[in-house]
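Structures are listed in the sections that come next.
You will see two complexes here that share chain A, one where it goes with chain B and one where it goes with chain C.
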Partner chain A sequence: MKVTFPHLGTMHIFCKAIAETSGIPYIVPPETSRKTFTLGVQHSNECICLPFKIILGNFIEALKMGADTIVMVGSGPPCRLGLYDLVQKVILEDMGLRYRWLTIPPRLTWQAIWKNYEETKELKKELSWKNILLFPYGLRMGWKKMMACEALEKLAMKVRPREVKKGETQRQLKKALSWVDEARSLRTLNEGLERGRVLIQETEQDPYRTPLKIAIVGELYTVMDPHINRGVEQKLGELGAEVTRTSWFSTHILRSLRKNKADQASERIRFFEASKAYLGYDVGAECNLSIGEAILRSQEGYDGVVHLMPFACMPETTASGILTRVGKDWDIPILTLILDEQEIEGRIQTLLEAFVEMLQWKRKAA
Partner chain B sequence: MEEKGRIGIPKALMFYRYFPLWKIFFEELGWRVIVSNGLGKRGRLIYFEDSCLPMKLLVTHSMDLKDRADHLFLPRLVSLHRSYIMCPKFRGAPDIVRLATEGTVSILDETIDLRMREHSMLQSFLRTGKRLGADEKEGKRAFQKAERLFTNFQKGWEDRINQLPTRQFFEIDIPTPLPPPPSPSPVKGGGELMESPSFLDVKPVEDGCRGEKPLFRVAFVGHPYNLFDTDVNKDVLSFAKSLGMRIITPEGLSEKEIDAQVSDLSKEIYWSSGREIVGSLFHFLSGGVDGVVFLTSFKCGIDALLQEFVRRRLKVRGGSSIPLLILSLDEHSGREGLTTRLEAFRDVMEERKRSNA
Partner chain C sequence: MALYLGIDVGSITTKMVVIDERDEVIADVYLRNNGRPLEAVQQGLEMISSRLSRETILDGVATTGSARHLAAYLVGSDLIKNEITAHSIAVIDLFPGAKTIFEIGGQDSKVIILRAGVVVDFAMNTVCAAGTGSFLDQQAARLGLSIEEFGRLAQRAKHPVRVAGRCTVFAETDMIHKQQIGHSIEDIIGGLCDSLVQNYLNNVCRGKEILSPVVFQGGVAANQGIRKALERELETELIIPEHFGLMGALGAAKLAKRAKPCRTQFKGFELSRKPCFTRGFECEECGNQCEVIELVVDQQVVAGWGDLCERYRTSPRPIVG
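And now, the complex of A and B:
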């Protein structure tokens, strides 16, 4: 058995940690590249959303490298994410690739547990008691690594707009993330995290800058994965904007586990309430939250909002229509970037440069 | 009865299934129902948001009505099935229209969610009635009458769409024609075929099929608004009829027949329209028709995903011998492209019939 999982931001670091700690063989798909895009596009329909194509591309590459068990997070209505597995399974079958599929239940319901039991029945035979015993420890390790990655990324978002040498923060962040990735025990992980923190903070900074404040909102996959959004977060940071986003693995995992008491989760409720002025119903996925966050960010004194969505994303299309009005009503510039498989990195760079420049003028005029 | 005012119903989306029901309900309550004009030849589409064509048409039609109607009827269609849902865009549709019309018209946007008792069709219409000043008794009476007549209306759907021009499909005052007699007497294909003489020139009538008994049984599958909205599909149905096709739609299939095709999937398709489309595609492709045409809107999320699924699954299962034509429609599709493809499709069906004979 060799498990594999799709790429999404720093997800491979903690997925790897879970598998490694509990001694389960795994294959990390090659980093999302042009080839991944091509494979995904070749084997799907043009109007299917981009995450579907990329995830499919990741799977194809991993299966060709010898993986045989796909672990994929499940989801439900109303967006298409809930049916990814149905369609991807038949596409892989049609391509003649052999695989087994394991769904991580999105919510702990009896139905999900039953499905999980059915799917793992065969897999369990291949696992030793040692794997099973170590699994909770693996989960703990994975969780810790995930939190460590998030802490480092959040720190980098703060440092980046103040860096003196362009691109230095990103280099330090990469190094720090690799230390987290390499840690084999909780002790080395903590050490790695601390060293990483210091390293990122040591980036030469200009303390007199007052960076612009920009919030990134939108569909979670495009917000969280730098390959898909072509590094919007990094680009904005290097253009001199302090970026925030509320989509993190921890928020989404805690939300599905119904642990809504955490600060981040209650923020989501606040966004949802704010969106009610424009949307009378929960459209699903991040639609309402994108709108609510844009409204609240304008009240909190943010300079602008960047809204990310994959081409033809169902809930976010509604959001983008409404956001044009939100921007006018609340006097906050909103830039919607629709992402697909085309080579749009240069275009995004230009758009972001113009957007940031416009925000700077706006700030000066005020 | 004295007329209380005008209810505007945009000719878009689920208009193309439920209009008769809606119309009778409001007329019973003493309101006049007006519908929007089609885009026509010179109509201009309003691009308020970057969605699929049917959604853009909803905004366009609503804008057309906003100055003429006292209320716009735009129910928030969350679910039209006891366990499955609608496309998520439907949930925000009334809000999009509210923003596009800038609040200049009152919008009746009661939620319909058949998964929940408090949002059943009846409850939702009672609430709508209440907003129009009707009490529960009046509302209930009006809804029951509307429902009864609507159930009646749905019978004989196949004859209706095959014998009436497309624009009359949903006019409940026009009775459904009787099924054509089995005698070889020529069947009138409906006025609209004759309306555009270009159709007659498209292809010389070699086999004399036009005006005679239809030669092919062809299933047209898709969302009802893709099938019946001539602004979306450039009236592909009447062209198909003029080519000698008898049209069959998923409306004629029972839920059981559809469920039989999709119940064994590894994951349940949770959109009611998606289920209907996949189920009916598999159903028709397993036999009983000469060809299947799948009409889809460009950028329709549900169709894009499920179309890939249907294609791949057919391939994995060894395919179907029945020809399948997928027509993707948007505001740029021209009639010529559609007619060419449909003619070619007819030739395929003809060839298949000949080789099977």
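And now, the complex of A and C:
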């Protein structure tokens, strides 16, 4: 048995940690590249959104490298992501690839357990007692690594707009993340995290800058994966904006387990409540939260909001329409970027540069 | 007299403007890329230099447009600026009271909202290039018309037909259908102009508050058909600047003047006679498989880009932003 999982930001680091610590063989798909795009687009159905194509590309590459068990997070309607696992299964089968599929349910319900019942029965035969005994420790390790990655990324988001040499923070972050990735025990992980923190903080910074504050909102895959959004977070940071986002693995996992800490839960609840002025009900996925977050960020004194969505994403298309209104009502500039398979990195750079410049003018005028 | 050069390398055309201290346009060039931006920049430089006196020295150069980085690597630029800002700067200087800028070029269509001489909002087409200059070009070519005739014919339409403007692929299907059932060419072209304007206003300008005075620029501003259709739809007269096709380059030149570099990075007009080309390859150093591009001028690699790790970025780079 060889487990594999899709790429999504730094997800491979902690998925790998879980498998590795429990002694389960795994294959990390090659980093998302143009080849991944090509494979994903070639085998996807028309009009499906970008995250679907890229995840499919990841799976194809991993299966060709010898993986045989796919672990994928499922979710519920109305976002199409909820049906991704089913469609991708059909496509991969049509391609003649052999594998087993494990859906991690978004919420632990009887239905979810039933969905996985057959697969788990099979899996049990292949897993040793050692694997099963070590699994809780693996989960703990994975969780710790995930939190470490998030801490480093959040720190980099603060440092980036203040860096003196452009691109240095990103290089330091990469190095720090690799230390987290390489750690084999909780002790070395903590050491790696500390060293990483110091390394990022050591980036030469200009303490006199007052960076713009920009919130990134939108569909979670496009917000969290730099391959899908063409490094929007890094680009904005390097243009001199301190970026924040509320989509992290920890927020989404805790939300599914309904174990959010009070402050995180209340943040999402506050976003949802704020969106009620424009939306009468839950549209699904992150739609209501994108709107609510934009409103609250304007009240918190943010300079602007960047809204990310895949082309043809239903919930976020709804959000983008409402956001133009929110921008006017709350006097906060909002830039919506629609992402698809086209090579639009140059275009994104142009839009972000112009957006940042506009915010700087606005700040000066105020 | 200090002179400043602005270079705007767009997807279809390359524009260059030289201004003096008083913002007067001394020389300008507007030429088609034919898909080869490097050659176009070289050719443009040669044309510009032929219009200036031999001893002319430039005091600053700025590049803009979608190939602004490529142009900057080639000519040596003091400032690289996105085209939205460049267009705004040009308009704000010439028409301080303007409240809206429509800019429709070869691959891009933009709308920029100005209030009190400051950009407050903008939009640009992202994944779709429907209704921009290249489609009009293509349709004119299909009908065997020059783009000027195309604009003239559009105005003669008596009953413009309905053409689906949402997507140019479908628009073409519609146009061919209308032609085959016997509609006049004037009415079809008129209908196309109307539908492209609808598409522009509904998609690019969606949710934007369009207030007059409206300045209309970019290559498509030359097209009478589109211009009239826009004026009809908005019920307002559009301001077409004298240098409507050069506004990006003009804005860049103005920015170069404002930046006032102590010593310009410009590599000189001789550049137009040096052999230059780009070469691309897939780097195999790691799993990223970056598509690296190198610029070679006179047998020397002067710049490399496209790599995530920056191992090919050897040359000094001008300021970006």
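In this text, the second predicted complex is superposed on the first by the 363 of 366 C-alpha atoms of A that agree within 3 Å, B and C clash if a C-alpha of one lies under 4 Å from a C-alpha of the other, contacts with A are read in each partner's own complex, and residues count from 1 in each chain.
Just so it is clear, a contact is a pair of C-beta atoms (placed from the backbone, for glycine too) under 8 Å apart; a residue touches a chain by one contact, two chains touch by 3 or more.
Everything quoted here is computed from the prediction, not taken from an experiment.
When the shared chain is aligned, no partner comes close enough to touch A:Pro6: not chain B, not chain C. Once the two complexes are laid over each other on the shared chain, residue contacts for A:Asn45 go to chain B alone; chain C is not touched.
Of the two partner chains placed around the shared chain by superposition, chain C is the only one that A:Trp361 touches, whereas chain B remains out of contact. Using the contact criterion defined above for the overlaid structures, shared-chain residue A:Thr350 touches chain C, although it does not reach chain B.
Look at A:Tyr281: by the touch rule set out above, it reaches chain B but stays clear of chain C. Applying the stated contact rule after C-alpha superposition, one finds that A:Gly142 touches neither chain B nor chain C.
Looking at the shared chain after the overlay, A:Gly192 reaches neither chain B nor chain C. Shared contact residues of chain A, touching chain B in one structure and chain C in the other: 321, 325, 338.
Across the complex, chain B meets chain A through its residues 48-51, 76, 78, 85, 87-89, 91-92, 94-96, 99, 109, 111, 265-267, 269-271, 298-309, 312-313, 315-316. Those residues of chain C lying in contact with chain A across their complex are 66, 81-85, 116, 118-122, 124, 126-127, 206-209, 287-289, 291, 310, 321. Listed in rising order, the residues of chain A touching chain B in the complex are 44-49, 52, 76-80, 82-83, 85-87, 89-91, 93-94, 278-285, 287, 312-315, 317-318, 320-322, 325, 338. Chain A contributes residues 30-31, 33-35, 167, 239-240, 311, 321, 324-325, 327-328, 333, 337-340, 342, 344, 346-347, 349-351, 353-355, 357-358, 361-362, 365 to its touches with chain C in the complex.
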